[in-house]
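Please read through the structure below; I'll follow up with questions.
For reference, chains read A, B, C and D in written order, and residue numbers begin at 1 within each chain.
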Amino acid sequence: MTTPLRFGLFGTGRIGQVHAASISASPRATLQWVCDPFVDGARSTAANYGGRATAEPADLFAADDIDALVIASPTPTHVDLIDRALDAQIPALCEKPIDLDIARVDALRAKAAASTQPVVLGFNRRFDPHFAELQRRVAEGEIGTLEQLSIISRDPAEPPAAYVAVSGGIFRDMTIHDFDMARFFLPDIVRVTARGANQFSSAIADAGDFDAVVVTLEAAGGELVTIANSRHSAYGYDQRFEAFGSGGMLQIGNIGPSVITAHTASLVEARVPYHSFFLERYGDAYRLELEAFIDTIAGEPSRSPGFEDGRAALILADAAEQSARTGRTVDVDLNL
Amino acid sequence: MTTPLRFGLFGTGRIGQVHAASISASPRATLQWVCDPFVDGARSTAANYGGRATAEPADLFAADDIDALVIASPTPTHVDLIDRALDAQIPALCEKPIDLDIARVDALRAKAAASTQPVVLGFNRRFDPHFAELQRRVAEGEIGTLEQLSIISRDPAEPPAAYVAVSGGIFRDMTIHDFDMARFFLPDIVRVTARGANQFSSAIADAGDFDAVVVTLEAAGGELVTIANSRHSAYGYDQRFEAFGSGGMLQIGNIGPSVITAHTASLVEARVPYHSFFLERYGDAYRLELEAFIDTIAGEPSRSPGFEDGRAALILADAAEQSARTGRTVDVDLNL
Amino acid sequence: MTTPLRFGLFGTGRIGQVHAASISASPRATLQWVCDPFVDGARSTAANYGGRATAEPADLFAADDIDALVIASPTPTHVDLIDRALDAQIPALCEKPIDLDIARVDALRAKAAASTQPVVLGFNRRFDPHFAELQRRVAEGEIGTLEQLSIISRDPAEPPAAYVAVSGGIFRDMTIHDFDMARFFLPDIVRVTARGANQFSSAIADAGDFDAVVVTLEAAGGELVTIANSRHSAYGYDQRFEAFGSGGMLQIGNIGPSVITAHTASLVEARVPYHSFFLERYGDAYRLELEAFIDTIAGEPSRSPGFEDGRAALILADAAEQSARTGRTVDVDLNL
Amino acid sequence: MTTPLRFGLFGTGRIGQVHAASISASPRATLQWVCDPFVDGARSTAANYGGRATAEPADLFAADDIDALVIASPTPTHVDLIDRALDAQIPALCEKPIDLDIARVDALRAKAAASTQPVVLGFNRRFDPHFAELQRRVAEGEIGTLEQLSIISRDPAEPPAAYVAVSGGIFRDMTIHDFDMARFFLPDIVRVTARGANQFSSAIADAGDFDAVVVTLEAAGGELVTIANSRHSAYGYDQRFEAFGSGGMLQIGNIGPSVITAHTASLVEARVPYHSFFLERYGDAYRLELEAFIDTIAGEPSRSPGFEDGRAALILADAAEQSARTGRTVDVDLNL
């Protein structure tokens, strides 16, 4: 057994906790440093999962006992922390999005491309075992030539208004996962058409954002992708995916907390509602995402989405926003 | 198009109405005579579906305008009416059971066997399109050698006490359908083991009958059949069937009134309860049963269960009763 | 029982046969006249289902024994035949579309609106028992406020090139059913966005048509509708529908020819492929469509889509075509 | 965090490996000693999962650093090892069955009952999260009064002949799990009726054993349980369970390796076959079984089946064997 990689972690909010737990649980990783300007968060995380706590990012870049970084701090800090990780030549896993401003992403792009150390993006859904199996089976040709993807993705409940305000809007915050999932199957998206609506949330409307959107993507080979989102779902986290090809279709329905079906005088074949929290649905995906990052660091052919994937998803989100606001289809070239 | 067959119908109770409607709806049949000692029932049935009404069975056997008979009168009349149909050389479809007393059935057996005109039994489930498809696919070898059948059959609600009193008991009244379905796949049953219980109905217990039973049948090739019955089911008519073989399994789940699945904050993937009445589930089967009878009369290779099938089901019911009462497995020989 | 309505039928092609059979099978209708310029088709249809045959439409309008018309002749004849039915004050059921040219439809609009006799359109899917149940349950508020519809509709196989050439294009020929289904739930569509692709058929591409399309509709209340179509489907006729609301979701999956699930060493829980022909899926709908038309003629509140519905569907098809060709969302006002 | 319990493990065959892995993976347990007369097995297990290796059971009972034992050695050793664990006052988890001979079990019964330290039995299925949820929901009254259980349990493939020879027969080796599952819901079984067959395996027939059996259990309240077993299943490990009550039914279908449904020109809604190995289905159950044992040791109300449960399952297996051989229902009293 090889020596575990020593991780530094930025950010100890909800998603930071997820990564701390994954690092702690992996036999191939240990948590060495935890950084959060709210140093109490850093301290309690370190107490739970190991490592030293600090409020100062500089402490981590100055340390000589860090093999890899996880950046789970707020979005505005991502570009700077990636930049410093590149300078320090430390492999980094950064939560999505890289930034809400494509100009800031582009400014870092050449440097990321030139780096000998990996920068990978936290698009965890690629590592969900079910989606990963679907992608593999499509790639193996089980349904012939891929023609259409249908993605339905609805959150259990709308986020707090404070979160909406800094989220960058539904396309950059929520649909971005679906953009990356589409690119998991069809990397070369060339055209984006989107529509948005305000169906139920006055808070989201007041923030100038949509609470439901529909997006059509077109890939270079003429493939069509539909994405339907809503910021609420009475029956729990709605996460469905299907791939349609010349030879057939592969489908993943919702996965809930129970497999038991109930039959009563009211209803039959009924299950309890789907998950009410994304971690219940994607817990495994976060763990496997970390393992894939460790594999990448170990020199295996990387299965992790990289800086270019993070940039591509943001370009698609920007294009969707522009399309929804103007009523026009927007051409994109992710290869430029 | 050939001339429609002219039918005489005995009995205008619930099941008589079903047959009157099937005869009337078929382009190959007309209702010519309707007989019921409650002559008002005969008259209203004739008014609805055609034909002459009478209280006297003799009128039908004396008539010269009857091509076929349906016997849907009470069980105690069946043997006599079949006997007279045999004498009159008129094809007859008789509702199950032939009689509750195997001695009376056996007394008619040789005469039925010698008849040039068919006597067929109303085991309608063989004509349910789903069960018929399952039987065909098993016969075609889709699951290799048949090894096990699992039948679950539960009624929506217990019958009235008056019905229970004359029913002959659950094995002869309800399980008899499952015995015939088992024989649809495995005609040569050689051994019967049964257990009965009183789980919920004091009325049924007071009548000395069981409200739930479990039966194991063994066929000549060592195949095993399990039947589970209950006289009630909160979620509607529960009618399931599966065939297990050396190469796989074929399964029919419950078929309900709606295919829509509902997803709410309470339950997901839920359907409205199954049928609350056997006719909703087996309406097609009754119509197809009549058509098969007409085909048999027309000289086609008969798909209809005959007198011997009616006798076999009763023997199995008797054996089940005996087994449940004595705690002993009972050998049977349906070929004697 | 009232006297059956005497029907005149225009057109004896595939869909004409469907209507002839429905008329013949209904106890409330008889086929009185059959008209087709290919008079042999008219004759054989009359021989099978009743009525007199002619090659001359004028014979029907001159006859004094016709209570209702079914117009199932080629699309270019529809406007003229509706016009003459209006003049003759005979109720008419016309197959979709009214015409491929909205100008010709509009020219007839005021006259149709002023008629005392109904003109109804053959959008049969509204009468599919499953879709009708779904619409009813949504209308009853089972899922709260309706927010999104998702329609997936794929044909088993592409039509012959000769058919494609005169079809008016996929939006006017195929998606038009989905436009009407969307309007069954959300009549007031205000905005159309569409994308088209050429994924597999060089014949369709050569005809300048798309073989796969995706459409987003917006209704007056901000509701979003997604439609995904393909002209082929390896696994059979793919017809799915779901309605998402503030309180939940109702869903109809595919309905195939068999309910049996098979379990083998290769695959489990498997069913035989879905229908390969639209009549297998929508046979009941055609029969119920005719009954609803008869109800409308009898003066009941009409459940049948009318001339305005036919016009609306065509407007949406035109808008979709325009959107797909220009890359712009198209506003529509169906109330003008 | 409390100090991990130090475990001694007897047996390093297949099931011993499972326990070694569970102990090693639990933060509340460490593997301290590994014992197997094939000392190489003990050594390699210790190398993988920790602890000292020995061929001598006496070494473990002499050691002063063992807090708990897992007995996963061959069945004939169980009684002796439990006996010595009782003498040493060390909590023990013993694999099922306690022994194949009820007399040897009974000889140890009083001593086990008198012990202050727990002896628990390895009926892992009680800890399967799905079955445990089902049991909890039934206990909470979701389906009213429990009336019937239906258990279908089929192994993917028959065991090697050498295993069959020492297995004690299908009832004591395979059905024993289903007996315990029945008792998880209905502890007080009072009557056993069983039938056995030889359907496919000449090796099993030659060993004088059955390859397929059907059992009916009756509980003290008149509840009925059906169990259907087969030693092979072409489509993988078939493990289904349903509970029927006065108010409804709860059901667990098969759980396989993939949730993806495939739709092709051959079959639709199809999944890849179920698991081909029991560990894939019950891996979680083994881990949770160990945790429950640790909870029991920690003084929590025990959720683990105990010595009496192990004895009861064996009594039911003996009764089933007797019933199948004699054709008579066998009364049992598990409370004597």
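Note that in this section a contact is a pair of C-beta atoms (placed from the backbone, for glycine too) under 8 Å apart; a residue touches a chain by one contact, two chains touch by 3 or more.
According to UniProt, the chain labels map to these proteins: A, B, C, D = Inositol 2-dehydrogenase.
What you see is a predicted model; the values in this text were computed from it and never measured.
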Steps needed, at minimum, to go from chain A (Inositol 2-dehydrogenase) to chain C (Inositol 2-dehydrogenase) via contacts: 1
Selected pair, greater C-beta contact count between B-D and A-B: B-D
Longest centre-to-centre distance from chain D (Inositol 2-dehydrogenase), chain (CA-based): C
Between chain B (Inositol 2-dehydrogenase) and chain D (Inositol 2-dehydrogenase), centroid-to-centroid distance (C-alpha), Å: 42
Separation of chain A (Inositol 2-dehydrogenase) from chain B (Inositol 2-dehydrogenase), taking each centre as the mean of its C-alpha atoms, in whole Å: 59
Where chain B (Inositol 2-dehydrogenase) touches two or more other chains at once, by residue number: 143, 234-235, 247-249, 261-265
Graph class of chain-chain contacts, one of line, ring, star, complete, other: complete
Partner chain C (Inositol 2-dehydrogenase), residues of chain D (Inositol 2-dehydrogenase) touching it in the complex: 234-236, 254, 256, 261-274
Chain A (Inositol 2-dehydrogenase)-touching residues of chain C (Inositol 2-dehydrogenase), taken from the complex the two chains share: 143-145, 147-148, 150, 152, 154, 191, 193, 195, 197-200, 212-214, 216, 218, 222-224, 226, 228, 230, 232-235, 238, 244-249, 327-329
Parts of chain D (Inositol 2-dehydrogenase) lying in touch with chain A (Inositol 2-dehydrogenase), wherever the complex brings them together: 130, 133-134, 137, 142-143, 247-253, 255, 258-265
